[in-house]
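Take a look at this one; I'll ask things after.
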Amino acid sequence: MTAGTVTSSELLSVVASRELAARRTVFAGIGLPTLAASLAHLTVAPELEIVYESGVCGAHPSHLPETIADAVLITGAEAVLPMPTLFGSVLQGGHIDVGFLGAAQIDKWGNLNSSVIGDWHHPKARLPGSGGANEVMANSREVFVVMRRHDVRSFTEELDFCTSPGPDRALADGIRPLGAGVTRVITELGILAREGVGDELKLAAMHPGVTAEDVRASTGWDLQVSGDLSVIEPPSSEELALLREDVDPERVYLR
Amino acid sequence: METARETELDKTTTMREAIAAHVRDGDTVSLEGFTHLIPTAAGHEIIRQGRRDLTVVRMTADIVVDQMLAAGCVSKLVSSFVGNSSAGSLGELRRRVESADPEPLVFEEYSHYGMICRYLAGAQRLPFYPLRSYGGSDLPQVNTALRKVTSPYPAPDGGTEEIYVVPPVNPDVTIVHAQRADRAGNTQIWGLTGVQAEAVYAARKAVVVVEEIVEDEVVRSDPNRTAIPAHAVDAVVHCPRGAHPSFAQGYYDRDNAFYRSWSAISKDKEKLTAWLAEWVHGTRDHAEYVDKLGEEFWEGLAVGEALSLPVDYGRRL
Amino acid sequence: METARETELDKTTTMREAIAAHVRDGDTVSLEGFTHLIPTAAGHEIIRQGRRDLTVVRMTADIVVDQMLAAGCVSKLVSSFVGNSSAGSLGELRRRVESADPEPLVFEEYSHYGMICRYLAGAQRLPFYPLRSYGGSDLPQVNTALRKVTSPYPAPDGGTEEIYVVPPVNPDVTIVHAQRADRAGNTQIWGLTGVQAEAVYAARKAVVVVEEIVEDEVVRSDPNRTAIPAHAVDAVVHCPRGAHPSFAQGYYDRDNAFYRSWSAISKDKEKLTAWLAEWVHGTRDHAEYVDKLGEEFWEGLAVGEALSLPVDYGRRL
Amino acid sequence: MTAGTVTSSELLSVVASRELAARRTVFAGIGLPTLAASLAHLTVAPELEIVYESGVCGAHPSHLPETIADAVLITGAEAVLPMPTLFGSVLQGGHIDVGFLGAAQIDKWGNLNSSVIGDWHHPKARLPGSGGANEVMANSREVFVVMRRHDVRSFTEELDFCTSPGPDRALADGIRPLGAGVTRVITELGILAREGVGDELKLAAMHPGVTAEDVRASTGWDLQVSGDLSVIEPPSSEELALLREDVDPERVYLR
């Protein structure tokens, strides 16, 4: 594989890593978010600490972890916190700059569904549910969403169910939001972005060769286009080298 | 000076006796362990003893819950994540929820912190526990246990402030797996400690399953390591490798291959039934299950040594 | 795989710099440590630097608080126990409260768990924290921060249920003493761990004072021992014996004679002033205070060794 | 000293120890409560565990502890709990059978004052305050009070301030009580007792040579006398031997 052939995972990891510039703490699951955070640590965010939902802070794993609770994340870590401390003092306490989330569906306000497809009481497909996603959304300063699939079924006008609401829905429910909600959605087509309360997700940038119309056609709502729409700089050879040689040399996630 | 209990109670028993004594049909049973130290062997013994109509409370409903569902033990599930970790789906759970096949499953859905706060409220005898989750979520519409309280203090902007709360959960019995305990039940856990201590304190009865029963001196050399004190424990069960396919930090690694295989097994009801017949009903106890897997298998999950450096508690000279 | 911060921040600094940078006139300052690991040396440096108008938050307001009061640093105290342990009275505190001598002291009185819950609410960004204390007490009449909330769930008898709550406390800075930390601030405490972690998480800034700064490998050999992770710490101060006259488990014992002597010293304003002049204003820093006490004195507080047995975190083969 | 000369501390410790029969957990401070609990463990309550406010459970001290946080209580203990766990899960969680408390003033309902003598805002004497006393009262199944001084200033019709209220005051405040409040008050004159909500403290037993009138005269309210008033059995030579030789051989607290 040359630097010219960039896989989807590499592309998403590199683009997500750039968005972490100057961040201090990131709440991330295993896979693309960890790859992005690890690359950011080597490039744009040298002080970055990854906090795992399992309670691990400051991991120094000997091998690539396969889950957020992998034994290799614990041995040699700086701290392993009980779950009430992790969720109560660290996450709800406001110590997370960026939370990474995935979802089956996202709407224009950055609200997320990871519970069901169809009606909750009689679902067509029962999905895993919130896990900690509801809390990551409610308490992180901002949330990044990485979605491999950018299509009208996932980017939808109306969620089948809202598992993890952004601040606009919280406000409408009479609850004061603590974070900005989803500020970046990174996909194979480009980046959608919003600032915070009252904003909807707009197309902010596209990968080379993708048009705004391509993205709008793949989005289930009437996607607005940002005034300063840009084209995403392709992964540099330095970024790719770090990702391939230092972050995931065994290519466990860089499929 | 004599301030100590020199005659500790010995609470050790067998898994069979512990389940027979402490888990009854219709009970609310909490099984905790977040990815690490999942009390699988206890779940299997519940299946062997044919318990029915249980309400299972577990943050991450995963393979052991799918197995208990398939064995017909469970009528209600209280959980915040129903999936086979990151390795796929739970076939039986999806059949129960999506198609009421073979029968409906009552499902009470939370988020992780909602479950944690339910345990905290239960452990602390609180009528509710507040948390900054759920604002604007559809969860309160399908789970009426999620309610709001108005703060008696002004919000930062001087107005009133509302916050969601969850009710306590007080399981009839909580079962957790741990690395080691003494015979009285002082239980030490390292690595991911999850919500085990809170789940035990929230319960009317608690069963602790351990990799090792150790001498009192081992526990007492490091009292800060005791996550669950003896006064909260009713039974101690020695059951090595009882957390498989999950892992026990420092004892054996996670069986990732089994996690990956579970999606295919559980998707096919016949395969799932055959698996239960062979591995649960077909084994007398967990020791037989361990033997059946074989020494070569266990060598594949073996881990090397990484000892903690000691701390000095000091003694009066 | 590279998921770690190889370039840790070095947050080590001197006590003088830490207090100068993080404690300002008018601040709300939490000093925690329940009998064990009391941050006395930090209190003395606050006195040396002549801070004024502080609100001190401390569960057990004891000798160091009496000293800070006598030095004129404190205008308000938030506490649940104002006494010299079991050894007698705090003379300056009693003069301030009983006779406004030399000036009044605003005093906000709680119980221990009320203080703990204020820290928990502060750490968890909750608008209030419920607790089963205060029902029928006169405390809510003298402390209007103690309020009631009605539970949205029925009481066991089917009626409504009320419960008292406390508001969060978010100190401008929390200062704690601990046995050891790495240079980034990962802090390990053993023996009595009190409410230090919650007090740190509740604060806008946190200063950790330690007996020893250790290599990263020491902390990382036992991550469950880390009570306070680096991300919650702003400054790390190496200050051996900085908890005297309290104790540091495994390092030195409690100076019970000094506790007993404090009642007589503090009862007499002249003696108290002279004590501060000699031991605080008269020493440049805590190292000089330690030297002044002398090696023979410290030998009297020396403790023998009682090492914890290691646990095995395991490593992948 | 012969078995015939019994000190006040010995008397109170022995009497209090008997009241702990069959109890499992006791929340005790250092001094008389610990002596009583330790003796009870050797006699009437072999399974008794002392839980200390500092977080120590199942202590095995090498020396007589001088405070509830003495280093010798920690080294070799079965568990040392963080304060939120101790107060939240153990005490408020309902794991304490008997809490021991002292106070400057007690009234007929077993309400306690440990905050001030005089008006709270302008006190004649500022006392330490609650510490954990309010919580011990609210959450223990029952509370024992040991008071060396039995006089009308301490046993008072009306408290100057109520720091730690019993269940009757809690109910009047609209709060459901979890425990019975004070059920035993042990003094140099005898034992006052009550059962729970709605009961007042009555004279239940006296030491040999003390009359009911003596106790009534030393009590600041119109003390009722129990129908089955008894005389307290003096400390046996076996009790005294255990106390003197096993519990406090150095006579630190057996003054």
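Going by the order they are written in, the chains are A, B, C and D; count residues from 1 in each one.
What we mean here is this: contacts are C-beta pairs under 8 Å (C-beta built on N, C-alpha and C of every residue); 3 or more make two chains touch, one makes a residue touch a chain.
Just so it is clear, the model here is predicted, and its values are computed rather than measured.
A.B. asks: Count how many hops through touching chains it takes, at the least, to reach subunit C starting from subunit B.
C.D. replies: 1
A.B. asks: Quick check on the contact network: minimum steps from subunit A to subunit D?
C.D. replies: Minimum step count, subunit A to subunit D: 2.
A.B. asks: Would you mind pulling out the distance in Å between where the CA atoms of subunit C average out and where those of subunit D do?
C.D. replies: Chain centres of subunit C and subunit D, defined by C-alpha means, are spaced 29 Å apart.
A.B. asks: In angstrom, rounded to a whole number, how far apart do the mean CA points of subunit B and subunit D lie?
C.D. replies: The computed centroid separation for subunit B versus subunit D comes out at 38 Å.
A.B. asks: Of all the residues in subunit C, which ones touch at least 2 other chains?
C.D. replies: In subunit C, 120, 125-126, 131-132, 148, 155, 161, 163, 191, 193, 197-198, 221, 224, 249, 253, 303, 306, 313-316 touch at least two other chains.
A.B. asks: Quick check on subunit D: which residues sit in contact with 2+ other chains?
C.D. replies: 56, 71, 74-76, 80, 88, 92, 139, 178
A.B. asks: State which pairs of chains touch, listing all of them.
C.D. replies: Result for touching pairs of chains: A-B, A-C, B-C, B-D, C-D.
A.B. asks: Tell me, which parts of subunit D touch subunit C in their complex?
C.D. replies: Where subunit D meets subunit C, its residues are 29-31, 53-56, 66-71, 74-76, 80, 82-84, 87-88, 91-92, 111, 115, 120-135, 138-139, 161-166, 168-178.
A.B. asks: Show which residues of subunit A lie in contact with subunit C when the two form their complex.
C.D. replies: Residue list for subunit A touching subunit C: 24-25, 34, 37-38, 41-42, 46-51, 56-65, 71-81, 85, 88-90, 92-95, 139, 178, 246-249.
A.B. asks: Along subunit C, where are the residues that touch subunit B in the complex?
C.D. replies: 125-132, 147-153, 155, 161, 163, 165, 167, 179, 188, 190-191, 193, 218, 221-222, 224-225, 249-251, 253, 302-317
A.B. asks: Name, in rising order, each residue of subunit B that touches subunit D in their complex.
C.D. replies: Of all residues in subunit B, those touching subunit D are 1-5, 7, 9, 120, 123-126, 182, 184, 186, 197-198, 201, 216, 219-221, 223-224, 226, 229-232, 313-316.
A.B. asks: Name, in rising order, each residue of subunit B that touches subunit A in their complex.
C.D. replies: Interface residues on subunit B, with respect to subunit A: 34-36, 60, 79-83, 85-86, 93-94, 97-98, 109-114, 116, 120, 131-139, 142, 148, 155-156, 161-164, 191-195, 197-198, 247, 249, 253-254, 256, 303, 306.
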